[in-house]
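Each chain gets a letter, A, B, C and D, in the order it is written, and its residues are counted from 1.
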């Protein structure tokens, strides 16, 4: 009695179907782990523009999208890329040069905003950021907010606790729900219905998926529903939330996928170097993004040898002998 | 580098240490599944009184505690016991006879209240119950609430959405956080530090545990920390939340534990019959609760044969040939 | 007439379920209706329990929504937080149809599952809301199973547990609820629905052997019977699947 | 003097960690301090990452808090919702000590990790709050690692990302925050703390070879140096464990 409809699609088709100029979006993963990079490169290659992005700490993917000129508005908690870049390079440049509009939140606040969207409530409360500039300074003006029905009228609201001093919290911050048009996740296993199994840390992927009108899943392994149903407690995202499933092995490369492969420090450090210089960055993009037509060709360009070197140790889930020789920028 | 302190205790000692007359409490499980019954019987046997209980749909355990005279105040969403009792018998009697004070919420609201406690916020919002008597009628008066610092000053609060019509929700209900003094859970596996692994549905156990000042865990299997650390993604409750661990095989009997054993329909139906009649109920309690000194003796009284009959099929996780010959009460 | 009374009720409810619906149900007859729909006309409907199980296989009939039988072969098993969020969430919640029961219902489809008599010292206490109030608050369509009796179809509820149309047109909106709530009542005599404008209950279909007048005699309040027509009885095919596939051991029916 | 500057800073921070503490840390030197404490004097402290990993084994040094290296052998791995709830939760949160970094700090211990210059068009943009603002809002004790430079110890922050004592005595309470926030600053020259009454930073310990006056010369604002005493340098034992057990491959130090 399983859902008979298959949601399997080619990634290029999935992005073309669900991602539009101006879409409100988020991607899964955290800094240098489990970013849906194949989808990120596809978005850049398709020349999609003016995306409004919601980000907790998704590093590599966001920086590439900014570098690709795809993002015009960004609500974000953290733009860093592990040891390759304490602050993501293209993100830093774009903000300093006023190329993107930014609204700052904390990591928990962004997570709660996705959770509110997933739960179907307009806001969730937290004590985080009381007394700080996260409350006092708004990146998006109230006029801009009032004009655009797709963003909340206020960045956040501070209210007195209507239960008095209950839970020792005289005051809380309410952060508004996010319901992206589309979220893209990369997971270890999915089936054709769209059910997802994530191994290791889930970050905010589950909340992001459930908050979104459409979810595109790229997966390392495309399995039969029966396999996932043997252990239903391990499937964090039921198929009812998912619109498209794309089988893309190494779909998070150059970021890491627990138990599958590690991040590629060489790639990320080379990227960070290129990102600092406009000419080098164009060369990088021409070679690795525009110079290939899909993720398979991209991986060929990276080279099978390199992919072999970052293969995860089956017990530990990461490459135990991963070396890096260049620490990128100074901290 | 593991926490070297063992939290393993005898159940009798754990209850004596953490549960007091008047304690605010909750128990894990849902209706006829994974109630910490060994702990419930221990509480009754120790004669603990005036407990203030927080309940979503924990059926069997709550009804026994009410029958044992342990509970004086109850905040509850649902008091049913599967096919054995559409409404729990001793719960119904106690409410009708005014023996306990009751405050009604919905199942989601009780779950959110535990989640608020776990998250450290004074309330969480929902759209549930707008326009209903769950909002209009209070079981605990405002005077009583104002006098007792351990309960919130208000049952709940309805507020206008401070983000206007954001998320199409003009108004929401805020339900106050619960932070019980102690919560007791029964799980399939735990280690001596207190880390828990629950198989199958988690109900609201995780939120209840994290909301509580103390957590007593009873477990089917007491394992080494190293075993649980092989798959950290399957451990829902880290040891930092847990005060005591008690190894009690069949500790949820007569309720079910997924992949271990089923509920015992014969026991539950016999219980429901006895519960309807004061004399029969005393006889039941004398035989199964007061007439034994611990859960081991209780299980001996039930009989190893019966326990064998409800053993879970290793694939399906329940007793595939479970029969019941008496459906208990009419619906 | 074909089929016993529980069988007819089950089929009437099953016909309300569309392909692709997410069906929130309890155990017993409501689960059978969901299984019948899935086997007869809505193969891609998804059976969903408040305890947190999504798309359970249900090869054995559970005693409760927490039963291990809802976990075996399910698509996913979470907890109550996940389950209710799926219904309050407007994206998935709008696909949910719920099947509920109640002790009392009023003309606007509001339900009482809490207490009869004075709430503070009731004559009869019931189990309480459970997830009933939640789902009736969140989702666009709910079916209620009721026995047609005057004491159950009442002018005024002793306690309003789960919201139907509250006190009439616009009331859900004014209270802050999304549209929806109780939209269909399936009884042992008839199928009742709610008028789009007045939000009041009306008689839609009556079963073979029953007259609209008889239906009215079993209710404390009067409803419009002008649109009432005979219900199409369960077909042989529907009954064959219900009996053979959904409850072969006759544990419910 | 024994130990390099990063080694001294690591040991100074490690000494702040008590047995049983839950240590919120990032990667790099903050993680080394947590590991040093666990190996030297606080064996039952629990290393905790905002990404959701509890009590990681850390047999290899991670590049980021999301790194698979924090998952291997951990006690549990959840997500961000779990991790931040553990800190906002008053029961577990009160056991948390955090180790942070910042671009700027003021006399009340407030931190800037967002931007230098005008926020709307900054001269230098940093990564942003991440979990820094969250943890500084929730927990009673936070250590900040800083290089002692005038441009970092500033009279006025360009952006207040993470709350210390805000604008002085009572300010956290007035804002609605629990007591706590930034309580200790460990630099390459000294250890600074905050006065209980004035909530202002003061010089507590200066390292061998450094004078209180030199510390003041590296700050834009003046602080009380009347309580300043020389720091106890790292012991041989502390350094042996730090070098041998926490970073044997010298990837950080």
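Note that a residue touches a chain if its C-beta (ideal position, glycine included) is under 8 Å from a C-beta of that chain, and two chains touch if they have at least 3 such contacts.
What you are looking at is a predicted structure, and each value in this text was computed from that prediction instead of being measured.
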Chain C and chain A - chains in contact with each: B
Whole-Å separation of chain centres (CA-atom averages), chain B against chain C: 27
Between chain B and chain A, distance of the C-alpha-averaged centres to the nearest whole Å: 38
Chain C and chain D, separation of their C-alpha mean positions in angstrom: 56
Multi-partner residues of chain D (each touching 2 or more other chains): 53, 71, 77-78, 88, 90, 138
Junction residues of chain A - those touching two or more other chains: 117, 120-121, 126-127, 167, 169, 172, 179, 200-201, 233
Chain contact graph, described as a line, ring, star, complete graph or other shape: other
Touching pairs among all chains present in the structure: A-B, A-C, A-D, B-C, B-D
Touching residues (chain side chain C, partner chain B) in the complex: 27-28, 50-53, 59-60, 63-72, 77-81, 84, 88, 90, 110, 114-115, 119-134, 137-138, 159-163, 166, 171-172, 175-178
Chain B residues within the chain D interface of the complex: 1-5, 117-121, 179, 193, 195, 210-213, 225, 228-229, 232-233, 235-241
Residues on chain A engaged by chain B in the complex (per definition of touch): 116-117, 120-127, 152-154, 157, 159, 161-164, 166-167, 169, 172, 174, 176-177, 179, 199-201, 233-234
Complex contacts: residues of chain A adjacent to chain D: 29-34, 56-57, 59, 76-84, 86-88, 91-92, 95-96, 98, 104-109, 111-112, 115, 126-134, 136-137, 139, 158, 167-172, 200-207, 256, 258-259, 262-263, 265, 312, 316-318, 320, 331
Complex interface listing, chain D residues touching chain B: 22, 38-39, 43-44, 46, 53-55, 57, 71, 73-78, 85-93, 95, 138
